[in-house]
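The first chain written gets the first letter, and so on, giving A, B, C, D, E and F; residue counts start at 1 in each chain.
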Amino acid sequence: MTDAPTPGTPTPGTSMPSTPPHDHVESDALAEFRLFRERMNTRILGENNLVINRFFNLDGRAYEGGVLSVKTKELLGLVASLVLRCDDCITYHIVRCAEEGVSRDEVFETMSIGLIVGGSIVIPHLRRAVDRWDETEKMRGTT
Amino acid sequence: MTDAPTPGTPTPGTSMPSTPPHDHVESDALAEFRLFRERMNTRILGENNLVINRFFNLDGRAYEGGVLSVKTKELLGLVASLVLRCDDCITYHIVRCAEEGVSRDEVFETMSIGLIVGGSIVIPHLRRAVDRWDETEKMRGTT
Amino acid sequence: MTDAPTPGTPTPGTSMPSTPPHDHVESDALAEFRLFRERMNTRILGENNLVINRFFNLDGRAYEGGVLSVKTKELLGLVASLVLRCDDCITYHIVRCAEEGVSRDEVFETMSIGLIVGGSIVIPHLRRAVDRWDETEKMRGTT
Amino acid sequence: MTDAPTPGTPTPGTSMPSTPPHDHVESDALAEFRLFRERMNTRILGENNLVINRFFNLDGRAYEGGVLSVKTKELLGLVASLVLRCDDCITYHIVRCAEEGVSRDEVFETMSIGLIVGGSIVIPHLRRAVDRWDETEKMRGTT
Amino acid sequence: MTDAPTPGTPTPGTSMPSTPPHDHVESDALAEFRLFRERMNTRILGENNLVINRFFNLDGRAYEGGVLSVKTKELLGLVASLVLRCDDCITYHIVRCAEEGVSRDEVFETMSIGLIVGGSIVIPHLRRAVDRWDETEKMRGTT
Amino acid sequence: MTDAPTPGTPTPGTSMPSTPPHDHVESDALAEFRLFRERMNTRILGENNLVINRFFNLDGRAYEGGVLSVKTKELLGLVASLVLRCDDCITYHIVRCAEEGVSRDEVFETMSIGLIVGGSIVIPHLRRAVDRWDETEKMRGTT
């Protein structure tokens, strides 16, 4: 049940750049998250389990631009991660939103919908999400 | 712990028109959903529990246009409802998306993200969501 | 892996009276729920799977009075069922709350906490919960 | 963002036979479930959304025999569906388990683990799961 | 979409005293939780997103005394947090329960209902909840 | 509401050996998990809450061999923990799988089903699960 990766296909699940923009300082939390993520993705994909590898590939595809823009899709990924209360998924989409030029107000409006839909149980994840967003702003020198 | 509804404030949670557009045929399933929803909202709000009434009001506010458009917010509500697997919430946002002019392809791309994030457990809800969407198209005479 | 039911032990999971109070009218929805519940509980317990039967027994025990009253425990069961969005569990605890003399205001305050904690995704279940509560009031002739 | 189905590939998500074994009687509930499932799968796949169609295909692949048998994988699908409390998913895997020759005791042991892991919130789904299992036994004339 | 905080309104979501009782020793874990919580609440509320700020306010309101006592409401918050498996929410309500004079036995009975409803998946959170409760007892010098 | 532990009964919830196999090196993460788990289990069981203690006992029973093998039951526990996204539960079953001689391929096939059923939200837990599995292999000297 193995599957050779299609040559030329970008490694799935690695749309985050493997190194942060070179003239910025990456926070420790974001750096640790990125490194563990890359190390484990490599290990998991190297196992060559067909279903898992194709799922990772499909996961990357889902966020590519279509009739909806990449930016809108990242907001969809963010709100879905927020109501399902997955900190790592939230961090991933927060970083991607920053890369796609989403504004601070857009992130907060997206999070407000996640909060209303998901309730107060979402608040601890909201705190960490905002903390992560602030880190991305520091990296970009906008704060 | 009661709270008089502010006069002039639109009844919260009733952004769906209380009657369907008069020159269209509403499906039985959508009509039944709408009527139960309206009947119970009236009963719940009439209880005058401050926390519940304010929450219903806030729920309506969250989807008003801001830096994000009403349409984008409805897509966010749809994907959040899909991954949390709430059929009634999905139906509500499907109807609202149709009212806001969301296209069939936009709905399917939004649902594809909900499917990837939430997994195969989402599929039964996806089936009902597509069935509902098809009903809204029939109402609008677009199919 | 079977386990003979201890004689004299009340059948677990059947704290709801097997027939409604004889001078009251039971609604169709509540009657149907009760009958399916009783029929399937009998079938499941008759299978004599030790783990399942002991779990059902333990489930009954958890709501017996201790340092917390039966009434408080039913409110705890109600709010837990609400945030986990299980309609049948909600119906069960709504009926039990009615039997324990919980007031309408107490039920609504309990549900308001479930709504805040669980978010708008809880609303469809809240509607059905209020509908069920109203049915129990009609049965008791209090409305 | 469309994708032509590969010719010769079995339609994903349709491992349940499109008609029940011809010398058995199918229950109304199972027949209704199967027909809605088939009708909507056709409609969804006909939309040609690449991500959705590939996900459906992958979903079928995940349950094919590998180092684990098809039967074991169906038990895994059943327990996952039970703890996530998805009635349609449970029904699907109950039918597949019956097709794969899983015994009644094996199903109950699998469900006992789902009950312990997921708690009493699982019980309403357990009742419907047992009801479905009994229907499959009637179809096979084993009860 | 901003909203000036009403003067004189207690900052929502900050019912935990901003400093622990001055003659007690606060554990490192509880202190770290409290400080991060306060810092991020300030940052989030300072954003002046109307929906988020009103939600935080409403969240505080929901636990005020009504026909149910503050203590009972904190038990409801605790069991809801436990079955939804949110460690930070559990910690918050554990601390609030201690402040409201809830007894150790009352906390354990509440947690036993959370365990039965939510299943073994709750156990890791139960372990941390008991650890937190023990810390509050040490702070009060009752152990 | 207390219950004396039955003499001779293995302490529930402690099927993991209280010390790791003596000729292997245990990773820090696994050792820390095991020690906290044992310390808190002792504290919780010492409280003598009848419902909690019986639940812990039943939790141990559910994974004993029956018509399904211990190994199959551990795979069921693993997939259930994965789709419910509980890292500690995943770690526990990963260790138990290793003890029962489950192969690396069997673990990956089980995880592939958890991934398909639960979606991309499972991926962060999958990363940590694979990391834990690799640690168990190092302990056994198989890598």
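As a convention for this text, contacts are C-beta pairs under 8 Å (C-beta built on N, C-alpha and C of every residue); 3 or more make two chains touch, one makes a residue touch a chain.
No experiment lies behind these values; they were computed from the predicted model shown.
Contact with chain B and chain F alike is made by A, C, D, E. When the partners of chain D are compared with those of chain E, the chains appearing in both lists are A, B, C, F. For chain pairs B-D and A-D, the one joined by more C-beta pairs in contact is B-D. Greatest Cα centroid separation from chain B: this falls to F. For B-F, the equivalent interface among the listed pairs D-F, D-E or C-D is D-E, as over half of the contact pairs agree by residue number.
Inter-chain centre distance (chain A to chain C, centres taken as mean C-alpha positions): 41 Å.
Between chain A and chain B the centroid-to-centroid distance comes to 27 Å (mean Cα coordinates, whole Å).
Between chain B and chain E the centroid-to-centroid distance comes to 32 Å (mean Cα coordinates, whole Å). Contact with two or more other chains is made by residues 1, 51, 55, 58-59, 62, 66-67, 80-81, 83-84, 89, 109, 112-113, 115-118, 120-121 of chain E. Those residues of chain D lying in contact with chain E across their complex are 83, 115-122.
Those residues of chain C that touch chain D in the complex are listed here as 1, 13, 36-37, 40-41, 43-44, 47, 49, 51-52, 55-56, 59, 80-81, 84, 86-89. Considering their complex, residues 58-59, 62-63, 66-68, 72-73, 75-77, 79-84, 89, 103, 105-106, 109-110, 112-114, 116-118 of chain E touch chain C.
For chain E in complex with chain B, the touching residues are 1, 50-51, 54-55, 58, 61-62, 64, 66-67. The residues of chain C lying in touch with chain B in their complex are 85, 104, 108-109, 111-113, 115-116, 120-121, 123-124, 126-128, 130-131, 134.
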